């Protein structure tokens, strides 16, 4: 690793109301890495992503982006899909998707009109198709199912083509078929743009399939009397190798033909 | 099937603003069945559960519970865990859990005091432990992680021991370890109380492991010009047999030892 | 079925909705009859006949002094002031409320002051207001503005603060500038609340308008009420009050409809009053 | 850093917060000095010295007529009326607002009527109020109630309607009766809004109190202001207005603190004004 | 300062309705044009507010009573001239006891009135006539606009008020008039007050106002259809009908000619009246807490004599313009 890491985290601590959530987190991530994060529910994965996004500040320690301290506020080079997927409730599906382009092209009004608007709408036609929301183009988020909202949130983050993408259980509410489509979409963009991705997931399959690096968050110290006394940290940091991939593919094949065989 | 079905759905249609979501859904479910529901995102699974709960009324068709039309309003014999897990934001974790008991034991105040309250709190101690929220007993939902809120929602529904339990992707935000614990918990109660369960899931593994019956929702008719023209229905209705279980277990074993082996 | 789920039919809803009005009318009729039986020239609760006569005179007979049809000139004058006042209030409240909600610096600057300022009962500082704004239309409109804006600012600023933090962060990651976040996220979210604030501001606006008209004016609904108050001409006051209430009610409903049309996304869930 | 994220430091916040007050004071000082230079006994904008003298007389010297320390007797009388009025309003608004929010039947019954009733400017129907309630404390408290309750009812009913439907359904599946849903779900959710409504109701409450005290009274802050308006004693009016504002401000802050204490769950996210 | 645009204000009261009429009918404009100035006669509904606005300098003149002129503008350092002492209350103010009886029976009762107004002064004078003082009763401040309606409540046993409320109460409700201002004639004077400095610098303003006023009054006194129309219009403007307005006028001693007015203002009794008023105001702390004595503010009379502090003359009865009118020199 002679290259400067894209992102490095030094001795990060985070506590809420005095209760530590994360402690002594250290990690260097090179550009283009796809880090999947797994860990027990409530151990601080989302908190970690929130700090990478600058939504929250660490209690101690520092995060460096390209060698410089992380900006103190969210910036367009870091995209996010929240765990409780949130899209803009006052915009319809396609309006949600062209928003990033509007911000970019119309600094003053933040809004495209006429042919520019039509062009932007046409440009997202393909994306809409790939996330399966073409029939819902003109609906408001409140009129979508959970999975549809989640797909919209993912697409919205991808549209901006961020350098760093933070995904918090992005595929949790999707059925396997659509999930595969979304994997394709994500991997395609990842390769194309050499994004650096952090993705929290509870699906170990997915973690192995997508990631180049697997981070496991867990508590190293545990006081049975005071279960809250210690925070979690990165306990395993595994490069995902061939064998594991092959194993996973085997597992997948087995799983895949089951519904039909039954 | 000589017994009267616990729940039967006859020729159910549901449309929103003229767009059909579900059409011609027919199914009889006997008491104690564990129906897992899978289907593409946005095909109407949540809508189906909402109708079983009487949260929404079918556009056409009828639902019979024990041979009689479904009550027009939600009743305590049908429990629910919503897809966007919602618990009462103004109550702490343990207050959320004893609420059902309070409703039952204090018709007037809806609130337990003194020793009765203490007793109720002690009684949920075990449950809290099993869902892993003991350290968070006194926190408000806004202070919990996504997975913790989801576990709380599940436990809250189970506390009431409903005859029919409706679960909409209940384990989506949980890590595999905790998910297994929750499976145990759910299966234990299911056997003990002979509940009838409908569970939407996107994890085919889970569907096979837990269910006695697998319902697949899908569209049978499809008009490529107007993808919204037709609704979904139950396309497969499979009893889950031994072989499938065994396959699943094999797959699980393979998946399970991977993180450690890597 | 539980009470909370028992929805009355459309017909029953209308019937129930009319009941309290009917009860009020009936109470009035009985009380009025009783008083008139004792004293036929009682002025407090005149009969409907008397009120109708008075109103038809106000509406359809030219005034002896200047030949105007008073009801209509009063209404026009008052509505003009009301609209002008509310429009300026709305703009001010939107700008300042938005600034306070969006910019921490603006919040630091305005928060304490608007909180304190909004608590000054404007009628106590009328002389200063009149001297600052003169005695013309400006003062009347000004009193409405002074009276309604601070509360509207606070409501709007709070509603901006209530926007989920996630949405703001999302917009930032999509490359929005502060200005764009303001116009494309905060603004659309607080516009429905502006309508709510306007609806809630209707009553204070009328009250201040009437107070202002009572002090310096030669026409307007409040002026007329004030003018005949010394004679206790309830046969004119009561219908005028009913008329004001009706006007306000129509405005209120129009604003609700406007909100449902313009901000349909905000009305997808739940009922509105 | 974007403007929306630029949080001023604690010190700067305090400084910025004081700025507009300082500006107001400075404006007053200059205007007052200018007027006093022209006419040393100008009554409109008295000097701070004069106001301080007057207030210290009101506060610390017994009145010639009845030996009372007027500032304190006035304050006590007004605060008593204000509290009594607001307390009754709060209870009424809570009961009716809750009923309207929870029960469709109650909503059908009350919705139109409260909408219309809330739009009647109460000061126009004062005579009826006085005849019904007499001229004593009851009428003054009554005016506050009539003036503030309808808006509070609407706010509370709307906030009850805004509770996510999922939560109600959840409670039903947990076996709650209508009554239990009301007390354990709706009530805790609208109590914070009651505090908000009370805070927003402070201003109209003061206004109506002052109006009532102006009509028939022998003590009270509003009485005093209207009395000395007779000889344009701004040296008493202005400090009295400031005092009223200060009292209201303290009440407002106390209510906010109460809300944060009692409904901490409601303040976990976002800021409050 | 010499200027051409002037604003004077008035509020609704029987004796001041001509001000509204002379503005509406163009009489004012005629006279203002004659002297090459513009005068706007503005109606304010709130009497106190109109005085406050005048005192604050928003108007060049204002219609008010002698008592309020002394207590508000004069005590507030605004040198004020009585340009036209148009009338005095001759029954327009009265004391009503609900249960009747004589004036002395008011003892121990609550009396509702506009505190510190001429009603208050009137009451004090009334009590003096039967050897009572304010200590023998309790004064309850009550707004004039609501006097009629609150009279109906059982709490009220006595009110001191003026027209039209007075006649309104007597006409429709139980009660007996036990004292009225016709028993203290000439003490409650309703006048057009002008800022002395403005008047000195701009005599044209005084001439125009006086000219317009007496033209209007002579019109009213004439028995012509125009007079009836004028009275009708004034009645409408004051919110009543012709009969009602005439009844109010009957209790108002309007001076229809300059001569009558001069007679009144040169009567030595005026000095006595102003002394009463100043003492009343001083007793009630209205002259300002800094006032060392009732004589704190000086009042100058047409003959040049001064009541009170000669170095602080702030209220002046100025007959010069009315004299011009009497001489036909306008």
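Per-chain numbering from 1; labels A, B, C, D and E assigned in written order.
To be clear about the criterion, contacts are C-beta pairs under 8 Å (C-beta built on N, C-alpha and C of every residue); 3 or more make two chains touch, one makes a residue touch a chain.
Predicted model, so just to flag it, every value in this text is computed and none were measured.
Minimum number of contact steps separating subunit A from subunit D: 1. Taking the CA centroid of subunit B as reference, the farthest chain centroid is that of E. Of all chains, E has its CA centroid at the greatest distance from the CA centroid of subunit A. The distance from the centre of subunit A to the centre of subunit E, with each centre set as the mean of the Cα atoms, comes to 82 Å. One simple way to say how far apart two chains are is to compare their mean CA positions; for subunit B and subunit D this gives 48 Å. One simple way to say how far apart two chains are is to compare their mean CA positions; for subunit C and subunit E this gives 37 Å.
Looking at subunit B, one finds that residues 73, 84, 143 touch two or more other chains.
Looking at subunit E, residues 52, 56, 146, 149, 152 sit in touch with two or more other chains.
Among the residues of subunit C, those in touch with two or more other chains are 2, 5, 44, 127, 131, 164-165, 172, 177, 229, 232, 269.
Here, these are the chain pairs in contact: A-B, A-C, A-D, B-C, B-D, C-D, C-E, D-E.
Residues of subunit C that touch subunit B in their complex: 1-2, 5.
Residues 53, 55, 73-76, 78-80, 82, 84, 86-91, 99-100, 102-104, 107-111, 140, 142-143, 156-157, 159-160, 162 of subunit B touch subunit D in their complex. Residue ranges of subunit A in contact with subunit D, taken from their complex: 71-73.
Contact residues on subunit D toward subunit E in their complex (touch as defined above): 39-44, 53-54, 57, 64, 126-127, 130-131, 134-136, 214-218, 223, 226-227, 229-232.
Partner subunit B is touched in their complex by these residues of subunit A: 16, 38-42, 44, 46-47, 83-84, 132, 134-136, 143-148, 150-151, 169, 172-179, 202-205, 208, 214, 216, 227-228, 236, 238, 240-241, 244, 247-248, 250-251, 254-255, 258-259, 261-262.
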